[in-house]
Each structure stands twice: as structure tokens, then as C-alpha cells.
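One structure below.
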Amino acid sequence: MGERLRKASIVGITGYTGLELLRLLQAHPHVQIAHVTSRQNEGEALGVLYPHLAHLDLKITNPSYEQLAKDSDIVFLALPHKTAQDAVAALHGKVKVIDLSADYRLDDVKTYEKYYCAHNHPELLKEIVYGLPEINREAIKGAQSVANPGCFALLSQLMLFPYAGHLEAVDIMAVTGSSGAGKSPVEGTHHPVRSHNMKSYNINKHRHIPEILRTAQLPEDRLNFVPTSGPFTRGIFATAFVRTKTMPTKCSTEIYKDSSFVRIMKEVSLANVVGSNFCDIAYTMVEENNFIAQGAIDNLVKGAAGCAVQNMNLMCGWDETTGLDILSPVYP
Amino acid sequence: MGERLRKASIVGITGYTGLELLRLLQAHPHVQIAHVTSRQNEGEALGVLYPHLAHLDLKITNPSYEQLAKDSDIVFLALPHKTAQDAVAALHGKVKVIDLSADYRLDDVKTYEKYYCAHNHPELLKEIVYGLPEINREAIKGAQSVANPGCFALLSQLMLFPYAGHLEAVDIMAVTGSSGAGKSPVEGTHHPVRSHNMKSYNINKHRHIPEILRTAQLPEDRLNFVPTSGPFTRGIFATAFVRTKTMPTKCSTEIYKDSSFVRIMKEVSLANVVGSNFCDIAYTMVEENNFIAQGAIDNLVKGAAGCAVQNMNLMCGWDETTGLDILSPVYP
Amino acid sequence: MGERLRKASIVGITGYTGLELLRLLQAHPHVQIAHVTSRQNEGEALGVLYPHLAHLDLKITNPSYEQLAKDSDIVFLALPHKTAQDAVAALHGKVKVIDLSADYRLDDVKTYEKYYCAHNHPELLKEIVYGLPEINREAIKGAQSVANPGCFALLSQLMLFPYAGHLEAVDIMAVTGSSGAGKSPVEGTHHPVRSHNMKSYNINKHRHIPEILRTAQLPEDRLNFVPTSGPFTRGIFATAFVRTKTMPTKCSTEIYKDSSFVRIMKEVSLANVVGSNFCDIAYTMVEENNFIAQGAIDNLVKGAAGCAVQNMNLMCGWDETTGLDILSPVYP
Amino acid sequence: MGERLRKASIVGITGYTGLELLRLLQAHPHVQIAHVTSRQNEGEALGVLYPHLAHLDLKITNPSYEQLAKDSDIVFLALPHKTAQDAVAALHGKVKVIDLSADYRLDDVKTYEKYYCAHNHPELLKEIVYGLPEINREAIKGAQSVANPGCFALLSQLMLFPYAGHLEAVDIMAVTGSSGAGKSPVEGTHHPVRSHNMKSYNINKHRHIPEILRTAQLPEDRLNFVPTSGPFTRGIFATAFVRTKTMPTKCSTEIYKDSSFVRIMKEVSLANVVGSNFCDIAYTMVEENNFIAQGAIDNLVKGAAGCAVQNMNLMCGWDETTGLDILSPVYP
């Protein structure tokens, strides 16, 4: 290795995204953990709060942004949207920042404010690089701060990207596991019902829609998006019915030939990606200008923490797969 | 009640459909069980083979068709397709027959032979009535023999029927529970993978497609149908993206106003129908001539045994809901 | 039927026990629903609050106890413990009462106050009959008010009752489904973890212990009781390691020969009882004075609502199985 | 690293144990894969047979033992019991062997033949070292061939080992996930039933019993062992009711102080270990000479492949945790 270990901090360790970042970072060969933070649980031992981490000797801190920047080479923000607005603004330029919230995913303030809320730092929106490596790799390599994509949005974009600019209309039905709803128990994650239920929500209103439209080069009224809760813990399984105006000259295999984590398959099976950073995609041609695309990711890995680590690798000049290639799918 | 109990027999008791028929029939006020049959398990006590039925004193028989017709007022055939061809032919006209196989669902022999196999009794195809009560109620009332719809087909038809004749193109993604695969363990129902998996199969090739096309009045190339395995035991949850040429004058609420088991809902949740004969449907309008329909049934009840009992009720002149209205959804 | 329908009310309709009572009562041939009540949801349509009941035309009420007694022949109390103390006191003697809370299960106020809280009506403790039909049938038949057993307690008692008075020491490990925790989402029922977890809680401190001790005729320090959360929705599966001082002369089959809902099996499988009122029990003899007992119930049926309906049947002079024998196990 | 990579082969790659070995070995810093073998699938691409491994460029081979020994530094045998008898005999002494079958776990041929079948190489039984690192570390370090423990046996031993020699009687109820049954679909792993079932099997007859008895220093009639199928994929959750004659002077924390993978906890939660090599154990004291022990492992990691890698580490002189400490629990 020889190389000095970089110091990484996770702001917001207590959520599922923060915990998954820690799972990946502690297996990463070039990284050591600097801070794991939480405002609410400052001072507690992480292993007491989360007994699955009982073997780790990590204390939860709550440093100022200055301290955080001083103690870290890279900061991962695993905060709720809105909260991350000021955090990114405070850290941007002082340390490498990877923001897993929604706050800097969109570069247009009007769209952001339509789907989310008021933005305190609209001037930064165009400065923070959109962190979808397979689509935006070069920009990420040179970025100081990166906005990690939404989980539904990442999968949908990787499915549609090879057809961007050629699309006529797209209908997506995407089923997500319960970990996507976060660590706080709510009605929709109550086991007695969730364990054998399916239910859609926010049809055509989900906040990940504008990310998809931008990459797919589709107007809003040409996309139907049906997010659906499924009775499993990890993963997203998406089906897209696609109409194109024209067909691209490059096929998906060609487009993703340097993207180790995108696997173009004959068919997609959610269980094949769980625990790993892979995004599996299959295309079933129906007729000229009409096909069905299916895709699967682990929402906490490729849909969040894994993509963030991939972004870190690019920002630090490491091979994109470092510390991620050792994560085989946990099968069965 | 006063009324004489009718004698019902279940041919093929050992499959999940046969067992579910028994669950419903033993709760039916006008019916008593005559035969429960199986070629393979003749002579065995049903409660030994299936200990959840240990309280029943029922012996598995294997009577000739003559005996069966003599001992029964109604015969339910829960046999694999192809096997039921001759069974229906042998019993038709001698006793009321409700065939839960696929063998008499289609009235066109060419379509049947394209999707299934050769048919020994093509002359009967037009004589056996298609048993979807909400769409074909009057014909069922006068029928001697009825062909119960396929589970995917039943749900899709009930979702599309109010728009039949107006449809331009339909894309359906339908997720089914593992009980739909039957009682024999196969790779696709192996728990270690199925428990957290989603996977589509037979895309645009599923055998239930022609039933849907006929009712929806759609040509084959205007329907995409994506059957998908889900990680739960009972139920089908379907999402249809629908384009219409024109809009019907009667709305779904109007069309189903006398159909107690179809509930037009604001949103559909699979858990709301499990264990019951309900079919829940919700329509989300997107724009002129474009909407999203969602529907849910219990595949073993409304998708098989419940619909069969509903058909029996109609054929016997009883209220359609007899013995089915006491089945509330098993929630949670 | 001829017989006049009796009017039954469910106080506390919004919990899982209340809902399950409604599922059973609406299938009961001798009963009609008078009130379904909730303080919090008064005036709402039940089918709006719980869309799986959308077909029912029932409005939630909040009547005074006087009104309730006037409008009902039987009142089921599905309230939290403590709340039921006064409710039973207000209704006792005015109407048949079946209390599904813990408040009148114990006849000794000291034991109640040790495990629960202060009791406002200790004088009633010995007057309310313990509602475990298989053990206390005759007393229930003559009772005005009955206290329905706890779910863990019911199963454990039925497993141990044939050996009561002969026991030396008993160790029980009992796994419960998530519906046992009620309808409010909490950490222990959060799907992302519960779906693949097992975890014990309140070891040797669970509130159902004194009910078991009383029936088993065991001192407190001769019972270890390990309640455990399992990753399923409905059911309790219990394993007891039993040491006896002597062996009884009557065997379990003999003791339960008139108890239709207790099935003495060769082996116990939880899936065999789900949805039904059955309690399956198997005994594996190890050596003289040492055996292993296993048992299974649906916690919401035999462990709550089903047992309550069985008590109602006895209190009303009907056959114990009325309205319950039509509930076959929902298999698979 | 500097150190030369060692060549490891997996004999029997197509089972769940073989696949899990590959998951761990491909993340191990000192190892490269030599052969992955299967008699039935020789010549196939592993990624075609198992699409979750589509990214790997590995072909399934079927080399002779000579070739295998020549091409490998370490051979893992993931074969059914009986088949491994000759395989170990052929390879022992020529290459480091880690046998994950049951064939060399017992050193007494009579006990082996009582629980399994005839043994072709009884003379080797005492030569192959029992591979439970926490109990037998020094012998493993010097071993040429090691027999990996059974999954139930490993967990039970780690729970009881601190009390070995002091035990009076032990009753164990242990629940296992469906992956423990292997990759072939059978009735007991059929999803429609397994998904919400619990069922015990082979009570007091399970083949892992003699391993437990030997370590616990218990006669056969002092142990009740109830193996139970649970409705989850990965993991074993065991509860032991323990009576001791005397209490040991060293406590469990002391005994396991150098064993990184054993975590003595206040309480045990299965989800805390899934995906990792940890074994969590908690002891609840009841009274003098009576306590309840609970433990949890991932059956495919600590219960099989992880323990095997730990054995490899010891046999190769590496730190016991190499390549295993990067496997955090996959939570949630």
C-alpha cells in the first residue's frame, strides 16, 4: 500500500446510510475513520447504541465544521435534506465533501424548491458536482464537493442513460425495500403489515423524478414514475416500459464497458446484487422503438454508501473500485 | 337454512388450489363435501397428508367420473392444464362443473394450442362458459360448466374492463406471491433466495395474456405483460400504465356497482385483500387518455378458489356472495 | 337459524385484537355488531381508517357505558391493561363482558400489582371468571364477565395443563409474531430489522408468567420463561423442556378429548394453525420424568379474539365451536 | 503486502458453503483462487451458473486430486459428508486441507458411524484437527488438515465451553435459517410455507450433538437438543437452559478475551451478526447453578466459511482475523 491513509468522517452516523458508509469505509484499504458524528448521541459509544458494532471502539462526536475540516480529508454528509444545505456550504472548499442528502443534486434552484423547500445557498448548486460516476466520471475526479444521487434516481438513470435523447415516453414501476425508509419506525415500515404487503406512494410526485428527467432528457409529462414499497429489507427492483423516437447507435454494453459496477444481464434478479455495489440491468426488446428495461441495486450500497465511496475513490485519484470490489453480493 | 345441502367434490385436493377450495367450501352454508380426490394419494387420510387439516375426518378417494357425477351436485376440477381436458369432457352435462385449469378458458382452439398444447375437445371450447362473474354474470348463471379465469388474467381484466374497446396500449407489471407456483418445491420458490428477491419471467409470453387481450379488446402487440415473482406467499399486485384512444362514458364505480367483491379504492394495498375474495382497484389519472391502474387480489381466493365458489353460487341460483362474505381480509 | 341475533360490541376497535374480533364476529351466525368504539376515532368510518374493511358500513362510536350496556348483549373489551379496570367495573352485571386485557386475569391483587400496576377494583378480581375454556369450561358457562387469557399464557397453560401438579421444573422458549406487539410502530417491529431477526426480551419477567404458574401449580422459581420476537406476523411457537416429579394417569389426548380446538399432534408446525382457532401440541418423551412439549397458536385467534368468541359461545349457551369451526387454517 | 499470495481452491463451489467461501476468499488480502470445482458443472462459467457472480471470470474445473494438490496451497472441501472421506484421505499431507463436511469432526469411529455411516479412513480420524479456533487454536496452528465444525455445534460449543466440566444438564432450542438446508429446493424450504413457519426436526437426534457433548463434557442423556427451522435466510439463534454442578472460576469474558469474533453481550439479537464472522453470546443468571445462555451466528460465515477462513489464517501463520475483520455485519 505504502500510501498514507486518508481520514474520513461520517456526519450523521446513526441513520442507515451512515452505518452503511461505516461498513464500507472500515473495509477500505486507504481510509481510516476520523469522526462519526451525531448531534443527538454525542459522547455515546457507537457500539452501545448499535450493538452490531460492539467490537468497534468508536465514540460519537459532534465537532464544529472547523474541527471536522481540520481532522478530515473527506467528509461524508449523511444528513436529512435541508439540514445538509448549510453543512455543505460550511465545508465546501475546505475538505472533500460527499453529500448524500438531496440538497445539491439539482442544479436548478426552482426545481429544487418545487420538490423540496427553500434553498439557503442557491449559488452553490452549480458548483457541487452530481456524483453519478458512470455518467459524470470526469467531473467527479476534479470535484471538491459531490452530491450523491437519490437511490431510485440512480437506478432509473443507469437504465435510461444509454437511450438519453432518444426517448419518447417512459413508465417506471420501482419497488424498494424497507431500509429505504430509514431507521425510524413508521406506519409504512411496521412489520405486521409490511412483511407481506405491496403499496405505491407519491405516484408521479416522488422527489427523485427531476434527477431522472435531466439525465434522460425527458419533459416532465413524458415520465410516469410509480415508487412502491416492497416486503424486503434491501434493494430496489425497477421495471421501465420505454418508447423511443429513435434508437441510439451505441448499445448499453458499449456505453458501460468501463463501468465495472454496471452489469448488463439477460435477466435481472434482485438477490444477485444485495450487499454489493453492482447495478444489474437487462433490456427486453419488444419491437422497433419499444422495449422493457429492468434493473436492480442494493439501495444502501450502490443507491447510497457504495456510490459515495466510488465518488471518493474518483476524487482521491484511486481506482474507482477500491474497497468496493471486495464486496461480493451476499448470496443467498 | 332449510335448503338441502348440495354435494361438492374437489378433484385434485392436494394442490394449493384444491386446499383453498376446501377451506372455502367447508365454511359455505349450502354445501357439504362429497369427494376430495387424488390419484396419487388415494386412500390416505387428508389430515395425515396435510396436518393443518388434522381435525377433519376426510379420506382421499379416486372415483371414476361416473361415480363422481353420481355422488356430486358440483365438481371442482383443480387439475393441471391438459389433464382437465378429458375430465371436463367426461363430466360436462352430467353435473355442474367448475374447471380451475386453463383448458377451457379460451374459446379459440388456435390460441389455446399456441399458448398451451393440443386440445382433445376443441368442440367444447365454445360451450364452456368463461367464469369471470363481474364480466360474464348472466352466462354463468345458466351454465352447466364454467372455466375459472387465470389469476393474473382475472386481476388484469377487472382493472381494464371499464376501458374495454377504448384502449390504445397497455403495459402491465404484476407481482405474484409464491403460492402461485404451486406446492412442489422448485428453484424459484426456494426460500433462501425467494425470501428477499424479485424477478420477472415469461415477459410477454405468459399464458394468461390471451384472456386479457380478449376482454380488453386489444391486439397482441398492444400489450406488454411482465409477470414477476415477489417475496410473499399470497397475492398479486398489478400496475398498469394505460393509454386510451377515447374515454368510456361509464366510470368504473358505475360498472362495478353490483359487484360486491370489486372495491374501487383511492389507493391499493396488497395486505388489504389477503385471505378474502376482494379485488381492490385504484385509478390514477395522469392526463387525457393516460392513466395508471393498480389492483390487488389474493391469488388463491379471488384468483382461484373464491372466484370458483362465486361461480358455483351463480350456477346454483344463490346470492353471489354466499359463503364468501364471511371471509374478511386476514389483517394483519 | 331461527334464533334471535345477539348484539355484540367491540370496545377498542382500532387495535389488532379489536379488528380480529370483528373478523370473527362478522362471520358468526348468531351475532350482529352493535358498536365498534374508539375514543380517538369517534365519528370516523371504519372503512376509511382501515381500508381493508372498506366494504363495511360501520361508523366508529364512543358511547357511555350505560349506552353500551343498553345497546349490547355482549361487550368485548379490547383495551390496554389498566384502562380496562374501570370499564369492566362499570359493565359487570349489566351485560355479558369479555375482557381481553390483563386486568382481571389474576385473582390475587398482590400478584397483579407486582406485575402490572395498582388495581382500582380488587374486590372484582375473584368474581371475574378466567376465560380459558379448555380448563375452566363450566365456570365460564355461568359467568357474567370473563377475563380472556394472555396469548403466551394460554399456549403455555394448554401445553402444561395435563401435567399440572406433577411438575418439577419447566423451561419455556416461546417465539411470537410481530402482530403481538400491536398496531403502533416501535423499534422492535421496524421491518428492516424485524424481518430477519430473533431477539428475546423480558426473560423471566414477562407479565404472562403468573397465569402459567397458577395453572401449572408451579412456584415462581421453577419456571424459566423466555419470550422471543420472531420474524413473522401471526403466531406463537413454544418449546417447553419439562421435568416432572410424577407422571399423571390421564394422558393429554384423554384430557382434551372434548376440546375441539386442541389438537394433539406428532409434531407441531406453526403454519398449520395460522388464521384458525386451533392450538396444536406435541409431546416428545425423553426419559422418565423428562419430556419436551411444543405448541403453536395464532396469537390473534386462539391467543385473543378466537378464545374470546369461544368464551362468548359458552356464556350464551351455544356450541363452543360456533362461528369458529368455519375458520380453517389459512394455508399456505 | 509484500507477501506472496497463496493459492486456494474450493472443491464443491456450487453449494451455499462453496459460494460463501468464494465471497470471503476473494476479499482476503493473502489469497488468490486456484480452482473452483464441481463434478456436475465442469467447464461451465461460474458467472453463468450463478449470475450474482457474473463479474467474475472463473471457469468451473474438475481436477484430479494430484492436480488440485499441485495447483493449490490450501484446499477447502465443501462436499457432502461421506464424499469428503476419500477426498481428505487423498489430499492430507500433500496440501493444507480444510474439510467443511462432517467426515472428520469426530475422533471416535463408533460415534461417527452411529450418527452418519461407515467410514473408509478411521485411522485418519485422530489425525485431522478439530477446527474450532476459540477452543483449539494451538492445535490448528500446527495442523496439516482441519475439520470445520457443524454450524449448530459451533454455536452451542461456544456458548457452553466456559462451563465445560461443570455442567449437570443442558436443554438447547436452536433456530436456523433456510440457507442451512442447502441449495436444493425441498419441502422444508418451500417458500409458501417456510416464509411464516417454525418447525422442529430431529429432536435429540441431530448429527451435531456428539460434537457438543465432547466439548461440553456431558453424557448423551444430559443434553436435549431441539433444532428448529425458522423463517429467515441466514443465521442461527440458540437458547440454552443450563444447570451446573459447580461454577467455573474463569468467566466467559476472561476465557474469550483473545477471541475477537466472540462478543459477550448483554443480550443477543440475530440481526447483529448476519453477514459477519461474529458469534454473540449472552448469559442470564437465574440462580445458583442455573442460567440461560443465548447465542447467534451467521450459519454460512462463523458457522461454515468464516470459521474455515479463520482456520486457514491460523494454519498459514497469519493473524486470525485477516480478511474477516473487514466483514461488518450487514445491518439492517
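In order of appearance the chains are A, B, C and D, and numbering begins at 1 in each one.
Methods note: contacts are C-beta pairs under 8 Å (C-beta built on N, C-alpha and C of every residue); 3 or more make two chains touch, one makes a residue touch a chain.
Please read all numbers here as calculations on a predicted model, not as lab measurements.
Greatest centre-to-centre distance from subunit A is found for C, with centres as Cα means.
When the C-beta pairs in contact are tallied for A-B and for A-C, the bigger tally goes to A-B. Annotation: 35 Å between the Cα-based centres of subunit B and subunit C.
Subunit A and subunit B, compared by their mean Cα positions, are separated by 41 Å. In this assembly, the C-alpha centroid of subunit A lies 46 Å from the C-alpha centroid of subunit C. Touching of two or more other chains is recorded for residues 16, 177, 179, 183, 192, 195-196, 231-234, 267, 269, 271, 331-332 of subunit C. The touching residues of subunit A, when paired with subunit D in their complex, are 1, 16, 19, 22-23, 26-27, 50-55, 179, 183, 233-234, 260, 263, 265, 267, 269, 271-273, 275-276, 278, 280, 326-332.
Put simply, subunit C touches subunit A in their complex at residues 16, 177-179, 181, 183-187, 189-192, 194-196, 231-233.
Partner subunit A is touched in their complex by these residues of subunit B: 171, 173, 175, 177, 192-193, 195-201, 203-204, 221, 224, 226, 228, 230-235, 237, 239, 241, 267-271, 274, 284, 286-287, 290, 292, 294, 296, 331-332.
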